[in-house]
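Below are structures written as structure tokens.
Across the two complexes that follow, subunit A remains constant while its partner is subunit B and subsequently subunit C.
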Partner chain A sequence: MADVPKRILKEIERLNRDPVPGIEVNTIEDNIRYFNVIMCGPSKSPYEGGRFKLELFLPEEYPMSPPKVRFLTKMYHPNIDKLGRICLDILKDKWSPALQIRTVLLSIQALLSAPNPDDPLANDVADQWKTDEKLAIQTATEWTQKYAIEVWAKNPEVKP
Partner chain B sequence: MDGDEFEPILGSLQKKKPWEVDFKVYDPHDLLVKQEAIVDRLQSPLALSRETTTLLLRCCFWKEESLLESFLLDRDGTLAKVGLPEHPPRPKFEAGDESFMCEICYCDGADETYLALWCGHRFCRDCYRAYVSGKVHEGESWRIRCPAVKCRTLLGLEPARFILADDKAMLNRYEENLTRSFVNDLPTFSWCPAPNCEYAIECQVPRSTWETTIPTVHCRCGKAFCFSCKHDDHIPAPCSLVSMWMQKCKDDSETSNWIKANTKECVKCKSTIEKNGGCNHMVCRECHHEFCWVCMGPWAEHGQSYYNCNRFDEDSSKNARDSVSKSRAMLERYLHYFTRYNNHEQSAKLARRLLAATEKNMDQIQRDHTLSWIEVQFLSEAVDVLSLCRSTLKWSYVLGYYMKSGNQKTIFENNQSDLEMATELLNELVENPITEDGPSIEEFKRMVIDKSTYVKTRWETILADITAGLQENRWQFESE
Partner chain C sequence: MVEVPRNFRLLEELEQGEKATSAGYCSYGLADLEDSLMYNWTALILGPLNTPFENRLYQVLLRCDENYPKVAPKVWFITQINMPGVNQKTGEVDLSTIEYMNKWKPSYTIHMVLEALSEKMTRKESRLPQPDKNSTYKVIRPDSKKPE
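Now for the complex of A and B:
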């Protein structure tokens, strides 16, 4: 790795030394800018108990440009579409170079606790959320069970 | 030029015509002067630094009066709302200390140089440069904020210039972005849409009257366009009709009308079928359904009458035929207008080519008849009039297409046909080269000038009438 900015190395070092509770950030060998993330669903949300996989990539311009983050686990959430793309202001126009991998992941976790159906990425899910919130939450709970809990029970040793 | 004076269009001393609007063309330097003039006007009543006045004005999109009012009512609130200090400190780079760490690159310690805005967030010099350059590259200017998370403090113009001081190219770009934002933020300003044209145009005609007074403006680069929709000059058709028409032409919706008029759908599988011969006993190629072309009923009910459908007069088949002929009539109507619209567009293109030829011709006449340059100008003036009329005629067909029939429309069409005829005659006259056995040059000149003057009169008549009609709400339009 020739030109890895000090900032990225320091962030990784800090994440290893002082991990974020409920979020695992794993580096991979051949690309220091790519991370595999496992995020625990926040308690008191339909995602509770689930372990969700994400990928996070730091583009060349990072930290002047935001990291690219995407859920790999299927999600039923009004601000996450079926490709796992996330609608979150700090990942777009509200990005500040003073934000970090840590703060980004915490914000995503917070988004799981507080869905925002008024600024949807997945329109059908957002409509469901607005018309029948109870049913929407039930579906989200079912999806969590199916894609983020049972999957792990079947293949306990599979690392993402 | 004085700040409040507008350039008259189409000649200098003429009185403004009813369809003409006031506007002013600004080059990049004029735009700077204009911005400075507004800041000058407000700086002393606000009693603020120039920097803060400028930022306040930009934050409220240069609405001087509302800014002044809200400032006088609630000075601190107005400043706080846009996140500005009364007298921002002069930007400077300072040497770091033990506690300093740049939140962007994580460099730290006394070796680093940092800058902090009045909000106190410190970032190192290199990061600030990279951050501001990146934003400027994205087209940002005064909206750039302190890089700290959720900090609303505006960077400000002076600090930005200070940070970019060593990068002349980026600094220029920053200034360009500022001007760009000025024009974009003011509803009374617009960039000229011509490629690579750097002029902007100010037009004070209120938005509410754009449908009745089409705000056609003429840029110094030669481009004439509508200030409202930015389309090329489309006088005398209002923007709403133009946009409907362009959509119609683009959709090629008449193809589907043709299909409607010339084909039928198989009752069973809905395949489109064109009957191009043979008897009425149709067998669909797709689903092999057998039916009668005339009444569309199943063939089994027909017996042996291959060429005569005795069910022709039944209501259902009557209705089907009516809708087919109606759709055909609509298509013909559209084609009538489109052919003429298109013809004038093509002729306008030819007129531009004619202009080049005319210039050569003018040279020739000058040499052959020892006339001065000024004396042969009548030819190029005639071609100018031609181009103008072609454009007006072209768009008048769009107007006509949507105009409801009636006496008013008849008057309009008479005017239109007068102008059209006169234009064609002038075109013919200008196009024909001067020959030995033709009229003398003096006579030719007189004919061209006479004809041009007449055409111009017809042009003014129709435009005046259409404009008056729009303002009096005399025209009735129908959308499809």
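Now for the complex of A and C:
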């Protein structure tokens, strides 16, 4: 890990000094480019109260290429698939090197507040969202309870 | 060298596998599309022309544990095959006997394992009588330990 670009070190330093509210970022496995993220579900969304796990990796080409990021917690969301992959323009063609880990995570948090069933990654979920939004939101709330709230209570060594 | 973590490496391999639609003699994907740990992979190899495997389709199971790609995947033929390097009772492949795979490197991929198996099918030592078409190994393959 000799050649870690300054840009990455600076971002990590700032994340530690000035953390994003509701988002925890920790490096893992002695790989300075690999992070565990815990994201709080935004209020007034079906994800409220949940603490969601993600993993984020800065590829060799970063910041010319976007970070790779996915949810590890099971999500009921039209733009997140069963493997936790996220459909978000800034993670693909709308990426700009001016964006940072911080902005990416905030955008993902915003995506939780504003699901976009017209640009789906999980088709079955998007269909549900379009045909019966109320039921879809109810399912998302139940999944949050089951996979992002109760699991933490079962693992008391992980402080909520 | 930037080390790509296991999960992102497997996601890349999955994408490559999804893109390669009917392009060749092999295909692969996740065995369980909801398994976010991406342990078990299922693959198909089309037997190469002019070999005893011609016109046969071989199903293969690959298991990438938490140490992949530092450690090679475990590989089993599900479809019965008579070929050196494959255990005749269980279908398990001994990668150390497969050319190009005998010294595993983290840069090797699932696709390269399948290529090496396909290449093995074309070798002289593999010109052997084969079991009935479409017969499969009836064995229990122990699940690798999954972190809870």
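General remarks:
Assume the second predicted complex is superposed on the first by the 156 of 160 C-alpha atoms of A that agree within 3 Å, B and C clash if a C-alpha of one lies under 4 Å from a C-alpha of the other, contacts with A are read in each partner's own complex, and residues count from 1 in each chain.
In this section, contacts are C-beta pairs under 8 Å (C-beta built on N, C-alpha and C of every residue); 3 or more make two chains touch, one makes a residue touch a chain.
Small disclaimer: the values here were computed from a predicted structure and weren't measured.
Within the superposed three-chain model, A:K10 lies in touch with subunit B and out of touch with subunit C [touch as defined at top]. Of the two partner chains placed around the shared chain by superposition, subunit C is the only one that A:N31 touches, whereas subunit B remains out of contact. Looking at the shared chain after the overlay, A:E55 reaches subunit C, while subunit B stays out of its contact range.
By the touch criterion stated above, A:L72 is placed in contact with subunit C alone, subunit B being left untouched. Of the two partner chains placed around the shared chain by superposition, neither subunit B nor subunit C is touched by A:G22. Shared-chain residue A:P42: touches no atom of subunit B or subunit C. Shared contact residues on subunit A (touching subunit B in one structure, subunit C in the other): none found.
Considering their complex, residues 5-7, 10-11, 61, 63-65, 94, 96-99, 103 of subunit A touch subunit B. The part of subunit A that touches subunit C in the complex is made up of residues 29, 31, 33-34, 55, 57, 59-60, 68, 70, 72, 74, 82-85. Subunit C meets subunit A in the complex at residues 2-5, 7-8, 11, 14, 33-34, 36, 38.
For subunit B in complex with subunit A, the residues that touch the partner chain are 103-107, 121, 123, 127, 130-131, 134, 147-151.
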